[in-house]
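Paired with subunit B in one complex and with subunit C in the other, subunit A is shared by the two complexes that follow.
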Partner chain A sequence: MRVYGVELPSRLLLGTALYPSPAIMTEAIRASGAAVVTVSLRRESGAGEQGAGAGQRFWDLVRDLGLRVLPNTAGCHSVKEAVLTAQMAREVFGTPWIKLEVTGDDDTLQPDVFALVEAARILTADGFQVFPYTTEDLVVAGRLLDAGCEVLMPWGAPIGSGRGLNNPYALRSMRAHFPNVPLVVDAGIGLPSHAAAAMELGYDAVLLNTAVAKAGDPVAMAGAMRRAVEAGRMAYEADPMEARDMAAPSTPVFGTAAFA
Partner chain B sequence: MNIVVNGKPRSVAATNLAEVLVELGYTNARVATAHDSEFVPAERRAACRLKEGDKVEILGPMQGG
Partner chain C sequence: MLVIGAGVAGLVMATVLAGRSAAVCVIHRQDPATRASHFAGGMLAPWCEAADATPALVAPGIEAIDWWARHVPETCREGSLVVAAQRDQGELARFARRTAGHRMCPAAEIEPELDGRFSQALFFAGEAHLDPRAALRALAAGLERQGVEIREGEVEEADHAGFDHVIDCRGHAAAPMLPDLRGVRGEMLLLRCPGVTLRRPVRLLHPRIPLYVVPRGGGVFMVGATMIESADRRAVTARSAVELLNAAYALHPGFAEAEILEAGSNIRPAFPDNMPALRRQGRVLHLNGMYRHGFLLSPHFARRAAAIVFGEDTMETGEAA
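What follows is the complex of A and B.
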């Protein structure tokens, strides 16, 4: 997969949140084979304050993995918040990549696509390489591309819901409308079968976090997701058969014995 | 001078943003700063003068999805 001129050796992008421990996080990331991990920004405590150094210790762990980081703007509800957070993330993590999230509804964490497009335009003009977390709306997708985005990340289902692909029809339409744009299903994946289904639709990659981090055995689930993404991609490239309504015998009928 | 750092009232001797980071123990930390909701890049912190009641945000790396 190639995005913003960078060839990524894995089609799985993995989040770094919600793991039982830092050690399990790093082991799961390694098991996933992910080439990109998502990270975020929060208030950092000063020396002597409770929680002092936590962010720096986390960063040391991530840096030692040697992977690309994709900072997000999670928690932002406005253009101004998202742009400010992106500017700060660029300085902290030293990358122009930003996973742009602007929340429009707190129950579903559905993106505010109007603010998303505006923030994407501002950030692209400022030299960022924007990965927009969006819905499957085709018109919005077009606006995001117009704003300078070179990748689109539609949701499979609400973040953390584990519901899989809520609207496969719309995701298939998006793939067909934008055949040359890297497309990543981001959020809502709960099982390896969901990840494989996204890849079978021809999506270029899958971004997930909770499905691995909240599994009983995150490291094993990371391995399962890795294989599911690989299998789904291989299946897509193998040009799957068309489904049909009625049976078609796979065993040749020619030469069938007549016993009656 | 009384300012608000990461949502908490703080009394500091510092008069600019760079001095605040030193005074509050962020010397070697990988952080980014904002002053009254505007991003202040590292190289402009020393030129960012503070006044009573100003709001400062100091953000660092955290886990994310």
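What follows is the complex of A and C.
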């Protein structure tokens, strides 16, 4: 998968929040084979207006993984907050990459797509490479591309809900509308079968966190997700058969002996 | 022997050493609010804590309940309760799956005031709780009765002279010496609400913020605690205060009328596996990384540290300076 000119060796992107301990997080990330990890500056690392640096030792642990870091703006509710958080992330992690999240509704953590488009435009103009966390709305997707985004990350289901792909139809049409844009299903994945389903739709990658971090055995679940993403991608590339309503026997029935 | 720090790790360490007839001196900073233990919940909940940590803390946790009951008679051994809102019943089922030592029952069977709000709850009969500030005062008083010198002040390298053993129990303040020690910020509230009667700690499971309320007696309750990967020492944020108050209110609407006595924050010291460790650096033995489990794990780790300084145990997990 290629995004913003970078070839990524894995189609699984993994978050760094909610693990039982940083030691288990490290092991799970290695087991997942992920080439990109996301990290939240605002909440999990507590970096407020004056807090930059206070989460340093946790960020060092993330940096020591030697993987590409995709900082996010989780917990931001406005354009201004998201832009400030992105600028801080660029300083802390030395990367122009930013996963842009602007929360519009606190119950569902649904993105505020209006603020999202505006923040994406501001950040792109400032030299950022924006990974927008968005809904499956095609018009919003088009606006995000106009704003300079080169990748789109629609939700499968609300963050942390583990419900899988709520709207496979819409995700399929998004794939069809933007055949040449890297698309990542971000959020809502609870099971390896959900991740495989996203990949079977032709999505380029899957981003998840809670499904691994909150599993009883995060390391084992990370391995399961890795295999599911690989299986889903292989299946997509293998051009799966079409489902049909009638049985189609794989061996001919005509001419076989009939038993009463 | 010199013990540095008078948080829960330091005072338990000194108590264990003094109990073995060692000559002990404790040196510490004056202000108790500099200590993470000052803001602890005081739950002795080995089974519940194992849900998100390792089962390896259950046995040391049970050891701690007996230890505290011996040293602080006010330790309350009446169990603890875990509840979840109707829409989060899945969290309760999962918690039940991941823990032992509980039975499922209506919350009101254990805490009558929760009648009608939580039809299902997990009761951990073997768990206990204490008031951390009172417990640490009791340990300090016990040490003074035994003639242990407790001195206020900052510790310089020169202060180590004259001691055979130095045990550093300073928590996050020792981070410059321990490169893999990080701070995990926690925030808590103290509420006074005589209208609410709860006898034991109640945890409210919630997918985003698992919180608990611990009775301190006299109508006072501790509500805690946030977990933020940061060593930021500023005061409680508005957002955290709202989350803590929401949890208390969801548990019992009576908390709406509570007085907010205190909003506190401090830094838990944690190693990468979130478990305490003993580390040797020259003459100094570090007991650190208590994380969420200062009261739960200090007795066990202090006993092991004592075995090391008395030469009965060699360092297994030690690392050179």
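Please note the rule applied: the second predicted complex is superposed on the first by the 242 of 260 C-alpha atoms of A that agree within 3 Å, B and C clash if a C-alpha of one lies under 4 Å from a C-alpha of the other, contacts with A are read in each partner's own complex, and residues count from 1 in each chain.
As a working rule, a residue touches a chain if its C-beta (ideal position, glycine included) is under 8 Å from a C-beta of that chain, and two chains touch if they have at least 3 such contacts.
It should be emphasised that the depicted structure is a prediction, and the values quoted were computed from it without experimental measurement.
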Answer with first, second, both or neither: which of subunit B and subunit C does A:32 touch in the superposed model?
neither
Does the superposition put A:129 against subunit B (first), subunit C (second), both, or neither?
neither
Which of the two, subunit B or subunit C, is in touch with more residues of subunit A?
B
Examine A:71 and indicate which partner it touches, taking first as subunit B and second as subunit C; both and neither are also allowed.
first
When the two structures are overlaid on chain A, which partner does A:58 contact: first (subunit B), second (subunit C), both, or neither?
both
Where does A:103 make contact in the superposed view: on subunit B (first), on subunit C (second), on both, or on neither?
neither
Give one of first, second, both or neither to describe whether A:93 is in contact with subunit B, with subunit C, with both, or with none.
first
Where subunit B and subunit C land on the same part of subunit A: residues 43-48, 55-56, 58, 160
Would you pull the subunit C residues touching subunit A in the complex into a rising list?
52-54, 97-98, 175, 180-183, 185, 207-208, 228-234, 237, 270, 272-275
So in the complex, the part of subunit B that touches subunit A is made up of which residues?
5-7, 24-26, 29-34, 37-39, 41-42, 57-65
What residues of subunit A sit close enough to touch subunit B in their complex?
15-19, 25, 38-48, 52-53, 55-56, 58-59, 62, 71-72, 74, 80, 84-85, 87-89, 91-93, 159-160, 187, 209-210
How about subunit A: which of its residues touch subunit C in the complex?
20-24, 26, 43-48, 50-51, 54-58, 61, 160, 216
